[in-house]
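So the structure is just underneath, and the comments pick up after that.
Chain naming follows the written order as A, B, C and D, and within any one chain the residues start at number 1.
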Amino acid sequence: MEKIQIKKYMEIGKENKPILICGLPGIGNIGRLAADYIIDKFNMEKVCDIYSTYLPAQVFVSSESVVSLPKNSLYFKKLSKTRSILIFTGDFQGTTTEGQYEISETVLKLATSMGVKEVFTLGGYGVGKILESPRIIGAVSDLKMKKKLEAKGIIFSENEPGGGIIGSAGLILGMAGEFFGMDAACLMGETPGFFTDPKGSIELIKALSKIIKFSIKLEDLEERARSIEQITDKMHMEGQGKEQKEDLGYFV
Amino acid sequence: MEKIQIKKYMEIGKENKPILICGLPGIGNIGRLAADYIIDKFNMEKVCDIYSTYLPAQVFVSSESVVSLPKNSLYFKKLSKTRSILIFTGDFQGTTTEGQYEISETVLKLATSMGVKEVFTLGGYGVGKILESPRIIGAVSDLKMKKKLEAKGIIFSENEPGGGIIGSAGLILGMAGEFFGMDAACLMGETPGFFTDPKGSIELIKALSKIIKFSIKLEDLEERARSIEQITDKMHMEGQGKEQKEDLGYFV
Amino acid sequence: MEKIQIKKYMEIGKENKPILICGLPGIGNIGRLAADYIIDKFNMEKVCDIYSTYLPAQVFVSSESVVSLPKNSLYFKKLSKTRSILIFTGDFQGTTTEGQYEISETVLKLATSMGVKEVFTLGGYGVGKILESPRIIGAVSDLKMKKKLEAKGIIFSENEPGGGIIGSAGLILGMAGEFFGMDAACLMGETPGFFTDPKGSIELIKALSKIIKFSIKLEDLEERARSIEQITDKMHMEGQGKEQKEDLGYFV
Amino acid sequence: MEKIQIKKYMEIGKENKPILICGLPGIGNIGRLAADYIIDKFNMEKVCDIYSTYLPAQVFVSSESVVSLPKNSLYFKKLSKTRSILIFTGDFQGTTTEGQYEISETVLKLATSMGVKEVFTLGGYGVGKILESPRIIGAVSDLKMKKKLEAKGIIFSENEPGGGIIGSAGLILGMAGEFFGMDAACLMGETPGFFTDPKGSIELIKALSKIIKFSIKLEDLEERARSIEQITDKMHMEGQGKEQKEDLGYFV
């Protein structure tokens, strides 16, 4: 079978020139959570599903006991006459190095066919502790993009992130710039890294809404962030500090 | 060499519309044991062997010292004028993610060519303890199948299995529904999970016999289940509890 | 590049019907050591080298500081007007499951093109201790071969080896029988398993010389076996028993 | 996508017959550091970039926050009318055995197309301690090359390196000789192995400059070597010896 299979549900004409936003599972899961939230709130339409032998060999089971294969998907929304967005999200990142490259190239080829010229990948920047006001750190395909994002409050810091950007958030950015001639950036939200972190996702969405100019109600995410804050605060008060927080694991 | 090689021994016409049952090695080995038992009791005919570079690089040695390569196989039986079954079983599941996908697609392509419209995969649902009456939990390709199975006593439970279904029992189900348009379900028998469990296999066969409508003598499996019960009971009486039972490992 | 590359140095006509003997590195290294010894003593001619991306990415450095890529090789010798042998040996087995299958198929295709009808693979059967008289245990492609080998003193034992035969000694045997219609057997010499064991290799060569009918001087191997015996005896006398022997590691 | 993608920036005619020098990351990082230093000091021109799905799925982030995909690259410099060099270096070695072979073949094919007849790969020979005067140990494709290098002070030692040469420094050498008919050698500088070691790189460059006949100022590397020496000396004086030095990790 083909290592990557695309099921297409609608055609997106090049004239839309949508901006591509990529949020897959990763550190603190904040990129994916932000992507899913925008898709939900904007009631975005599904453009295609991407199945792949590079994704884990399993199925998910819904609360109705109906199964679904792991996949990555692309969603579309026309925000106004001149602005539209595509969001790329999914259940997993590719499980091998080759899979990471192949899936990244696939989404960028699809994006090219739909007229995409600009890409933002979303990621988490693990800082190992809970911050009052997490920053959004940026990395870019070129200095023009950097200037543009600095004007919108994105922070560029000489030694952050130190070790490069691992996985799809880095690779899609790199390939978009070097192979596809797109303007691209990665927005990395600071996040504790040891649980799914709606607070980080909120900051990512706020940054995106300034850059792309859209408005979105954040109440549901804020509600989720408060729930988690109550749990972590309680743990803190019980004097069990950091070790306990790590026990939270990844929960949504 | 081809990564998957098929040795065909007979042709199955599409008019048979057989129901496909898949039981490969897995948790408690109950799916494979159930599949092997039905093949044996119904004296099913072998349709084909599937060899693959995705299966381990080794051979088995029989009690006669004759070796055989690892393989997966398909067996056929006409149960009545209008009902027939295909059983897919084998020595191993694919050893890589890609192998899992490729072998699952291969069996579903073969099944399609033989007129299969309905698939049941068999799996174990590890509960970590010995149960008096293990349940059969279901997961399905769609709600129509769920209704059908509920009527036959299969249990659908909102949070079970929590983490999805890993491996071929999940993947064949998912691909059957999403890629091949088949009605499909996975039947998961509760099983301790730390030894080959004939009791779980018996429950799977009982469930299948209600769904597909066939009758089969279960005495030999019941005999095996009793043998294991005697061992585990004895261990229990010796007051060594759960830890000791885990030492049973996988035995047949 | 091709995953397997063959450098051929001579043509072997089918009329030779050579017997193929396979000895690659493995348990106690006795198969490879036996193969190398026969190649050396019979001054066999090299038929071809097999290079592969399935072999480790490194080179060996000779005592002259000249490097060589890892490879597997095939050697030929006409023993008499009617009997000739091919020996397959090499530096490594394939490093992946796929590599094991591909390299095994490659040598069997080459063998077919040279008229091979009969194959003996050599392996070690790790018993974890030093034996006075190691046995040769057999496993075969069919019962006809078993009878033939029993007549030559090869031992067939119902539960040995228990877990099948892992790696090329098993796979080449299995594929020779099931895919290439050859008569095939694996000869497994009992060996401690924790050092290169010339004693096991001697027994393998004695067995082969009875089966294929050739005579070969074993003095050099016997000399090596004695050296190792002196070391292990000394360790035994110092009362450090089995644990220490395991520290010998693999030495040649 | 292609597993290896080449972006070419200039053509090198065969009449240049350049000497190829390969320095990728490895033990003590001395091969890569030497390669980078020569490229910098000679202001070499980039011939091509090699991107590959065999390289890690990530991007690097510059101090300006601009990202770049991992790659290997080839640089060219005409040293005189009759002598020119190509340097092959990069961010990583291939992450799999197959990747190592494929990338090595790619650079040697490129080299062939540019008229290369002679290859020197650079590597580190880990000795686990800081040496006053690290030696350069050689390994060669043939004895003619050995003689040539002995005349230039390269050391050939019967048991060094004992375990062969792992990775691209070995593989490119082996393939250059056995597959491409080139004269080739590996120059291995002795290095502690637990930090990036400019001292070892200096010795490699000195050896190359004798063999290929070029002169290059080593001041900047010597400065870096002194800095590291000060750190390691200080640690030594504090009496924390070898264990602490290992904590240095890989730093540049």
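We adopt the following convention: contacts are C-beta pairs under 8 Å (C-beta built on N, C-alpha and C of every residue); 3 or more make two chains touch, one makes a residue touch a chain.
Small disclaimer: the values here were computed from a predicted structure and weren't measured.
**Student:** Just how much do you need to spin chain C so its Cα atoms sit on those of chain D, in degrees to the nearest 5?
**Tutor:** Result for this pair is 90 degrees.
**Student:** Could you tell me the distance, in whole angstrom, between the mean C-alpha positions of chain A and chain B?
**Tutor:** Here chain A and chain B have centroids separated by 38 Å.
**Student:** Can you give the whole-Å distance between the Cα centres of chain B and chain D?
**Tutor:** Comparing mean C-alpha positions, chain D is 54 Å from chain B.
**Student:** Which residues belonging to chain A are in contact with no fewer than two other chains?
**Tutor:** If we look for residues of chain A contacting two or more partner chains, we find none.
**Student:** Which word fits the touch map of the chains here: line, ring, star, complete or other?
**Tutor:** Basically the chains close up into a ring.
**Student:** Go through the chains and record each pair that touches.
**Tutor:** A-B, A-D, B-C, C-D
**Student:** Provide the residue numbers of chain D that touch chain C in the complex, in ascending order.
**Tutor:** Against chain C, chain D makes touches at 94, 97-98, 100-102, 104-105, 138-143, 146, 156-159, 161, 164-168, 170-171, 173-175, 177-179, 186.
**Student:** Going by the contact rule at the top, pick out the chain B residues touching chain C in the complex.
**Tutor:** So the residues of chain B touching chain C come out as 1, 3, 5, 51, 53-61, 63-69, 95-96.
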